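Below: a set of structures, written as structure tokens.
Both complexes below contain chain A, partnered by chain B and then by chain C.
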Partner chain A sequence: MIRLSRGANAVLLSIAAFVLVVLYGPLLVAVFFSFFTFENNAVNWGSFSFDAYASLAHDEGIITAVLNTFLVGAVAVSIALVLGTALAFHYNGSRSRFRELLQLVIFLPFLMPPIITGLSLLVFFREADIPRSLITVIIGHAVFVLALVYRIILNRLQTLPSSLVAASLDLGASRWQTFRYVLAPALMPAIGSAAILAFALSFDETLITLLVTGTSSTLPMRLWAMMRMGFSPDINALVALILIGSTMLALLAMRFVGAPARR
Partner chain B sequence: MSLRAGIDVAELDEGRRARSYRIATTALAYLIPGVFILLPLILFLVQSFYYVDHGKEVHELTLRNYVRFFNDAAFVPVFLRTCILCLAVAVIAVAFAYPVAYLLASIEGRRKYVFALAFVIPLMMSYIIKIYAIRAILGSNGFLNRILLALGIIDAPLTFLIFNLQAVALTLAILLLPFAILPIFIALERIPRNVLDASADLGASAWQTFRRVIWPLSLQGTVVAATFTFVLALGDFVTPQMVGGTSGMTFGRIIYSQFGFAFNWPFGAALSVVLLALVLVALAITGLVTRRHPS
Partner chain C sequence: MDEMPKTLVELRDVAKRYGGTEVLHGVNLALRDGEFMTVLGPSGSGKTTILRIIGGLIRPSGGAVFLDGVDISAMPINQRPFNTVFQDYALFPHMTVAANVGYGLTVRGVARAEIRKKVDEALHLVALDGFGTRYPAELSGGQQQRVALARAIICQPRLILLDEPLGALDAELRRQMQRFLKQIQREIRTTFLFITHDQEEAVTIADRICVMNRGGIEQIGSPREVYYRPANEYVARFFGDNNLIDATVADSGADGLRLASASGEFRARTSLAGIARGQAGKVLVRPEAIVLGDAAGGQNRIRVRIEDASFVGPVSQVRVRAVAKPDLALLVKLPSRAEGILLAPGSEMEASWSESECHFVPA
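And then the complex of A and B:
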């Protein structure tokens, strides 16, 4: 563990405090102005209201966008979980030289800049005559989160003792029973944390979505369209709600995964 | 789905059925990533060798998009400017991330992970909302200007805060800072305690211990942090679009516009390949540096 002198500690503390202000300040300001308004260059403290939140409930466009976002997230994550689990089992069981290559391909959408992933899917959809819609968005998200899901599940799979499967088979269980009663329960925590993290990524995905989306859009797309027109208390209210949602999701994911670098 | 977790179950099966089963699952395992990841990339690469003539795409392999990129006076300067911008973002992010990571690593016990979490949580918060929030502060009608006006420090709103390259660099640095903190924190965390004790026992001052022991051992994580931020900044086109204005043109935005207004997909694809080449060069340099300084 690194030790600090009192002076160095004070300097580092002030830098860290500044960074926290920069990271959280803008968001808190946005939340603040979902309740209050500005008048004559000063905050009108009497203007406190939930009006902005109430008007959100009547905004058809936003409600549709929220539903689309959940739909895309749920379907894309489900696809990625099934595929990621299957691919993790394949990698773990295979001794083929090509398995490393396959793994690299799975990681590519995560390693490359999202603009490349998005544009190559865009070209692919055009060549395959698939019109841009929510389905193309789902495919884009599934491809993007697959790497993460695959990696988390493979990590868990590789730490499982091989005697587990051997014992199950020795005791007369079929392959399916071994999977259902031995491996699946052992993998469940990994699958759970992979699902939450993948959903959080999908919920916020902007760059790939922007390139492959059709007319119906997800929440980030809707926000992007709204923000181009300017600021309004409505956007601030939406911002506040999304922040609460994503922070809860983040904390949930952290609980599942454990502190980031805990060893 | 094959279930050979750790042991070779194949031996337990009767020969031929197991083999055809294995071939089938292998084919399936390669099929989906092949079709939805590799094939699109190959099509995209091929696209970059096509060209557009009188608004129509000509499916004929040429190098003219690449020639155009290097010869047209409009593109290379933006490319270089974007490189410098992203380098600046990486430098700013690392300059602030290193002290934060250092402080975190000096905290005793489990508490350090709780504090680290506070710096990582913003990563999970909506990306587009963070850009919006920063814009709401820096804009000419924004929070900062209103405060300064109200306090009587300025008479007219400051306009240089937003819609230029500096605003893009600042916003990207704020967005990417958590990505820079993590690898440095992990590198500092890995330094064994006895190495630091040995340095102190041998009479090194705190500064000497930092300069000769901690810094070299954390260099790998620092380089990884810089590469992370550089590569992520390079591929972004939404941030420059939202806070860059007309003077904040970046390479990512030019690529995006080829698929939008300009509608020249082959040229856009070629520009993306150039971008990807730069990313690969950055990763290769990182690989070289980190191999030379293994920690």
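And then the complex of A and C:
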């Protein structure tokens, strides 16, 4: 193991601290001002209230956007999980050269700039005469997050000893029983973390959504629209909620990824 | 043996090719019902391929597999009445020991109470009573090994296939497990096919040994046959130390062989058929069968000079060289003595061995 010198470690640590402050510091300011108001160039300490949050709860536009976001995320992730698992099994089990091509097709929407993916989907939907709606958004998100889900599940599948499947079949299990009793439980942590990460991706995906949506909007779009009119306490409250939500998702994902294999 | 043992599984001309390379060429093997057979060979000899073909993990490229005389070559793995103990044990990590052991019954839809009873019996058999609620990761290597064995025997298979199952264990545990496997095999009276690359293990554990080399079978026989009556030079060299002397058959009769060599004439026995006068080959004599000293009487005698003697625990190894033909070196093993072996290097004496300890293999 190569060890860095004390000085190098200190430099790295200060850069990390600086990045942390610059990146996430402003968010704390936003959270702060979701509770307090700013008057005459000074913080009004007496203004502490949950008013911003209360008004969010009464904003129909916001509530619809939140519900849309969750709906799109849940459905798109479910589609991606089913397809991703099936495709991972296909890649792992097949020997044909065709599988490499298929894998490239799966990865492309994730690797290409979102604007390309969004535009090509948009053109496709128009040519196929599919009206833009939440359904097209769901399809777009599923295509986008599929690569991630596929890769995580395939990764786990490839590290599973092949003798587990052999042992199950050898003991008289059918292929379906082998999947049900041996493979699915072994893949569960991977499927769980793939679902959370894919949901987080879908949650803040803006560009593709913008291009393929109809009249309905998701939370990031709503936030974008609100910010064009300046920072209001509502936006601060929304940012605070998103921060809490995404932090919790990230922690959950880390738990799944780090979970011992037998659980 | 009073009656001819029944053949359980038979391989007829079984071959396996991967792409252009043939890893198994035309193998014939008959496994007797109830025997403990080891398949022994270096890595790449095709021994694991044989196990996988019998188990149904892979299909042979040629030939056929028979069970009770019925061709089962096309029978899928999950319908064959055989179970395997894998090299890495292949225990299901997310299942308890009891769930692992009962798996074969669970997938067959056996009633839960019945499964619990059989699991307890199987765990008792492998001396793991009370381990049912643990997870494989909480067990030692030897314990995991026994869980894998319990899992394989619970469905009462006709044949248990063991793929180098003791490879990962240390020497002492390995010896314990060898005795244990043998004991279990006797108890449940099931045929075992045990793959190993360890000669000592194969000899210790087996009723019969199948020696493999480069995708073919060199010899099938009891440990004693394979050790003392090897079918060819490969097997003769494979098991332990051996002395091989170039010779040709001078005369073959009912009472044995007369062999001519540059170091004189030898008398040997052979179990091999079709050995005729003029055939060239090797005279074999085990180092422990040679007696040193002028008083010793054996049919085969050579005058030798002592080169050196070294103490290696229970036996001492003595290197000698024929006086008349100095390029013939022999290895002799003698029981060690506390005062050492009183053989001075350079001294000359007779090395002799009896006809029954002497064997001939054609080249």
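Odds and ends about this structure:
As a working rule, the second predicted complex is superposed on the first by the 241 of 263 C-alpha atoms of A that agree within 3 Å, B and C clash if a C-alpha of one lies under 4 Å from a C-alpha of the other, contacts with A are read in each partner's own complex, and residues count from 1 in each chain.
We take it that a contact is a pair of C-beta atoms (placed from the backbone, for glycine too) under 8 Å apart; a residue touches a chain by one contact, two chains touch by 3 or more.
Just so we're clear, the structure is a prediction, and the values are computed from it rather than from any experiment.
Of the two partner chains placed by the overlay, neither chain B nor chain C lies in contact with A:Leu148. In the superposition on chain A, A:Ile191 makes contact with neither chain B nor chain C.
Contact with chain B, but none with chain C, is seen for A:Ser94 once the two complexes are overlaid on the shared chain. Contacts of A:Ala167 after superposition: chain C is touched, whereas chain B is not reached. In the superposed model, A:Ile106 makes contact with chain B only, not with chain C.
By the touch criterion defined above, A:Ala74 reaches neither chain B nor chain C.
Considering which of chain B and chain C touches more of chain A, the answer is B. Using the contact criterion defined above for the overlaid structures, shared-chain residue A:Gln177 touches chain C, although it does not reach chain B. Overlap of the chain B and chain C interfaces on chain A comprises residues 161, 163-164, 166, 169, 260-262. On the side of chain A, the complex with chain C involves touching residues 161, 163-164, 166-174, 177, 181-182, 185-186, 260-263. Within the complex, the chain B residues that touch chain A are 1-7, 9, 12, 25-26, 28-30, 32-34, 36-41, 43-44, 47, 96, 99-100, 102-106, 108, 110, 113-114, 116-122, 124-130, 132-137, 139, 141, 143, 146, 149-150, 174, 177-178, 182, 185-186, 188-189, 191, 193, 196, 206, 214, 231-232, 234-238, 242, 252, 255-256, 259, 265, 268-269, 272, 275-276, 279. By the touch rule above, chain A contacts chain B in their complex via residues 1-5, 8-9, 11-13, 15-16, 18-20, 22-27, 29-30, 33, 38, 41-42, 83, 85-87, 89-90, 92-94, 96, 98, 102, 105-106, 108-109, 112-116, 119-124, 127, 139, 142-143, 146, 157, 160-166, 169, 175, 178-179, 183, 200, 203-204, 206-207, 210-211, 220, 223-224, 227, 231, 235, 239, 242-243, 246-247, 249-251, 253-254, 259-262. On chain C, the positions that touch chain A within their shared complex are 55-57, 76-79, 82-84, 86-88, 90-94, 103-104, 106-108, 135-137, 151-152, 155.
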